[in-house]
């Protein structure tokens, strides 16, 4: 089994234009991953699958990860002219690292019996540019898993043959696995001591009733 | 015949006949045939559903035992009143008719089914002198009436307006029509040998004994083959495992009676079991000597008891099969009917004819035995092999990776 | 006895005619077919009343067991089970009446000419056995010819209905992505 | 960047015959043969399947979200409920993933117990899978009842060990939860001794049965290359002839210490799936015999492991095992807090369903039910 | 082939049929209300609260630390802390649960609460016949319903309870020794003229080893 670095080198030699980076995994598991630019995703995937030495013919796991916008504060020393004097002032600068959605593929080789090679792609942001190339044409096993990512995370896979919701119902609107997903408050009421839920449900019900009444009035 | 003049076993044997005559005696002469028929009908209508009730318990308990379970045992001692409970339940259950169903046909279907099946019992000899109508063409009557059950099944499936029902009904009808041919053909050998379509005559033809062994048709090569083929075709005719695809719950929910509930469902259930019993009864009549005793020294037991014992045994066999076998697929079922059953029954006809013409002289008897058995066995093995090989079926060996 | 005929006959006849009428007048084709079955059953019973057991049972076996089923299958396979809008009274009713009258006349003529001399004389005792013997001796050639014709028809039907094997070919779509 | 043509797998396309229209049947969600709430939208041409779309999610409870809101330990009982037939192996897979993430060592004794429980789980799962398959075939539940009879013994053993028959919640990060009860190993040995007889019984009842052969041989065929590409794992993959058993490949736990073989089929049809399961049960009995012989003494859980306040260092790990139904994997991302940042289950049941359409197209409806049954899924895991 | 398989299968079911009349192995049904399976010691169903002594409410070991409430995966435990304190089984004043409800319609019997409890106060019951006609209130067990004596615990889980008792006894001995030492020290201090009050604040109980079997 090649190390992640060697695989990266192999990709670089085979596909010189491909933008691939290595992301180290600080955990003891030592499963480092390759981050591939979405536009090169398909080519790299095909290479990984069809290369005779790597032969990563088995995509075991495909999943999404949601990384929220990260706010980092940094203390910056700057010299500023204050009252005609040059002073060194410490300022905290806020950086907002835009969040992104990520699709992660765990690749193994059934022929060579090695793995995993972790293959990731990242969207530009979490809101409107959420398209990634689908790996389903390369590995059929991604078919349902990508549908699931689409359903639960909202990543739109281009080239997926049948991109529909899979676990949630078709009319469902949000993507529940996103980190900032808020539970709806229209639970069916079951009188448990979950008073919070009860309160929210009752409020919701009241709102609904009001809306209904308002609708009736307007009619 | 004078009842008093008979010996005790004979009295027992003719008990029901004399009861019938005794009741008839109360009525003026020109009413007597009608009353006699009515008494007979009442007897059949009372006894076979009772056996049906018994069979349901037996089936559930037997299946339970085969599956290491107890089966129903809560209603009454050993659960024997389970059918009563089931009956009350199905009577009190809401009778649901789908909105889009064709009400009249939906209602008529179970009724027609049960009536047609009951009609079949008319020519079934359940004991010495115990047949409702002894007609020349008794067997033909049975098959004619049996054929009309298909229509009620179609009615049920079609009127329910349900895809599963319709599919189930189509399957059932196709299956019953296909298997009617081998059923008839396998029964014909017995007719050929007896030279009569009369069920009574067929039984009488088998009533002799050699030593202690009876002259049942099943103990001849053609009879045995005919019997096996008849049983298979009967299983298919009555939609029993392994031919129970019309109601194959894993695909079709409940087949043609998916949309039936309450008492109509119970009627279907009843019809199914009555059909099973009547066909088993005819199988017994044709090949197992009807009401004849299996050994000459057991002749003292009344003939009707023998009939019912054999019927019970046949039902147990049906249950046993149900507990063991998975079901076939529609196309395999059809293939089996046309590619295996039909050639085998045709061959069996020829074998039976040969048997008849080879005669039963001392040397001929031995020769025809070997010849007929050999031909049938050869055909069975050959045809079976060919069919299995053609579908590439067979035992397999498996390899291992270390 | 009414007009020298038994009550049973009248009941059966009533059912037979009612079935026939229903078969002609009902809107739903499946209902028509089912009504036709009632007619068939009535006819079979009429045969039995005449002590023609074989004919009666054969009527039941063939017409109820097979023809009726064939009819309903044909209806289902060709038109679906819905109740299409048909007008019962069509413009060609004149022709219909003419044909019906012709058929009736033909039947009546054959019945009248074949009546035995003395009405009510005992019917000849026709048992299944005698029919069988007649079929196997006197009429063996016609029987065989009919059998051959029917077999040919059967085989022909199978060939016509045989699935064109080329249709159900599976196309495995492989390679050449997007 | 454009890519050259590469091999891609899609379900076969059948041209419907021109006679009549297609019949669309929704098999499920309430259908006797769907193992729970599962729907197959089937388009039929006569009785031939032209199109089949599996629809699920009826049992969806967002297990992953629940786990991301709960502590690492609190997810352990939820893993029981994924594939409720195999809670022990589910526990193990999760434990392996966490152990990889945090670098926890598992004591020897716990390893042996894990193997024993996992192999018992495999046997009972395969037995019931065969039972359900035959149920689908209309065998009045007899094989299922025999399977349940044996399964009951195994579940009793599990109850003695963990307190619960099905929801064992037995494994912990770095070992197992409780010490073995007295005489437990002897009881297991007694049960294991009885198992070959049970497998013989099932085989006598089924393997040679002509009807079973007719129903299963050549039906629901899966080609090995498609199986690999579609990520099929477990007995279904090995029935196609691909030699891939994670017990052999990853040698997780202590599977490298046991002698066992991996049965492979050559046809990839339902019969092969059935036989591979039967043969795997036999191999599992072999593993159990070896494992039971030398269970060492010692601690059952890494004594350094805390019950509360488990906070692995940031990072991620993917741990997988050969579950009875296929590769069961857990993918965890830790951000250093007490609950996982990302928790993902790789459900073998769901992914094995990918090829259901491929296997069913062109077949009879009756075979759809069988093919579906031979995949051996549990909806609790498919829907999560 | 050719039917042998079917015959073999028939023989197998016949064997089971016959066997069911003679062998317990082939008739495994236990007819539940009348017959019962032997209780299995490790069985767990729903949690209960252990109390010592005779008064259930006074003897509750629970100190309302709310760890179980927090750790409970389905969140079926509801605890309200008391505002006052009362002596626990070692006589030390402790907060007690003013309300301790478990919604057993939500509880999934996972035993996490037992594992995380540092006070051996919550244990798993083996009682499973808890059906009620009221599916809401009837399935929320309050602390009165949940409290069960240590003797009961000893009865249903003898091995585990013995270990727990031993551990607690050890703790108690330790605490008492400490208290004694503290008292002695206090006495010694009291002998000295100065400060009066040093409450013998017993150290909070250490987290006892969690795996009951370890």
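A, B, C, D and E are the chain letters, set down in written order, and residue numbers restart from 1 in every chain.
Keep this in mind: a contact is a pair of C-beta atoms (placed from the backbone, for glycine too) under 8 Å apart; a residue touches a chain by one contact, two chains touch by 3 or more.
Here's who's who by UniProt: A = NADH-quinone oxidoreductase; B = NADH-quinone oxidoreductase subunit H; C = NADH-quinone oxidoreductase subunit J; D = NADH-quinone oxidoreductase subunit D; E = 4Fe-4S dicluster domain-containing protein.
Because the structure is predicted, anything quoted here is derived from the model rather than measured.
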(request) Have a look at D-E versus B-E and report the one with more C-beta pairs in contact. (result) D-E
(message) Just to be sure I understand: the centre of a chain is the mean of its C-alpha atoms, right? Then which chain's centre is nearest the mean of all of them?
(response) D
(request) Would you mind checking which chain's C-alpha centre is most distant from the centre of subunit A (NADH-quinone oxidoreductase)? (result) C
(message) Please tell me the distance, in whole Å, between the geometric centres of subunit A (NADH-quinone oxidoreductase) and subunit D computed from their C-alpha atoms.
(response) 27
(message) Suppose each chain is reduced to the average of its Cα coordinates; what separation in Å results between subunit C and subunit D?
(response) 58
(message) Roughly how far is subunit A (NADH-quinone oxidoreductase) from subunit B, centre to centre by C-alpha average, rounded to an integer in Å?
(response) 65
(message) Touching at least two other chains at once: which residues of subunit B meet that condition?
(response) 66-69, 323-325, 388, 394-395
(request) Please list all residues of subunit E that touch 2 or more other chains. (result) 1-3, 6, 9, 12-13, 16, 28
(message) Show the residues in subunit C shared as contacts by 2 or more other chains, in ascending order.
(response) 177
(message) Quick check: in the complex, which residue numbers of subunit C touch subunit B?
(response) 28, 30-31, 34, 37, 41, 44, 53-54, 57-58, 60-61, 64-66, 68-69, 72-73, 76, 81, 127-129
(request) Sort out for me which residues of subunit D touch subunit B in the complex. (result) 23, 25, 31-33, 47, 134-142, 145-146, 149, 205, 207-215, 217-218, 243, 245, 248, 261-267, 271-272, 275-276, 279, 364-369, 373
(request) Within their complex, state which residues of subunit B touch subunit C. (result) 102, 105, 135-137, 140-141, 143-148, 150-151, 154-155, 158, 161, 166, 170, 173, 177, 180, 196-197
(request) Mind listing the subunit B positions that touch subunit D in their complex? (result) 63, 66-69, 163, 167, 241-242, 244-245, 248-251, 253, 322-332, 388, 391-396, 398-402
(request) Quick one: which bits of subunit E touch subunit B in the complex? Just the residue numbers, please. (result) 1-3, 6, 9-10, 12-14, 16-17, 20-21, 26-29, 31
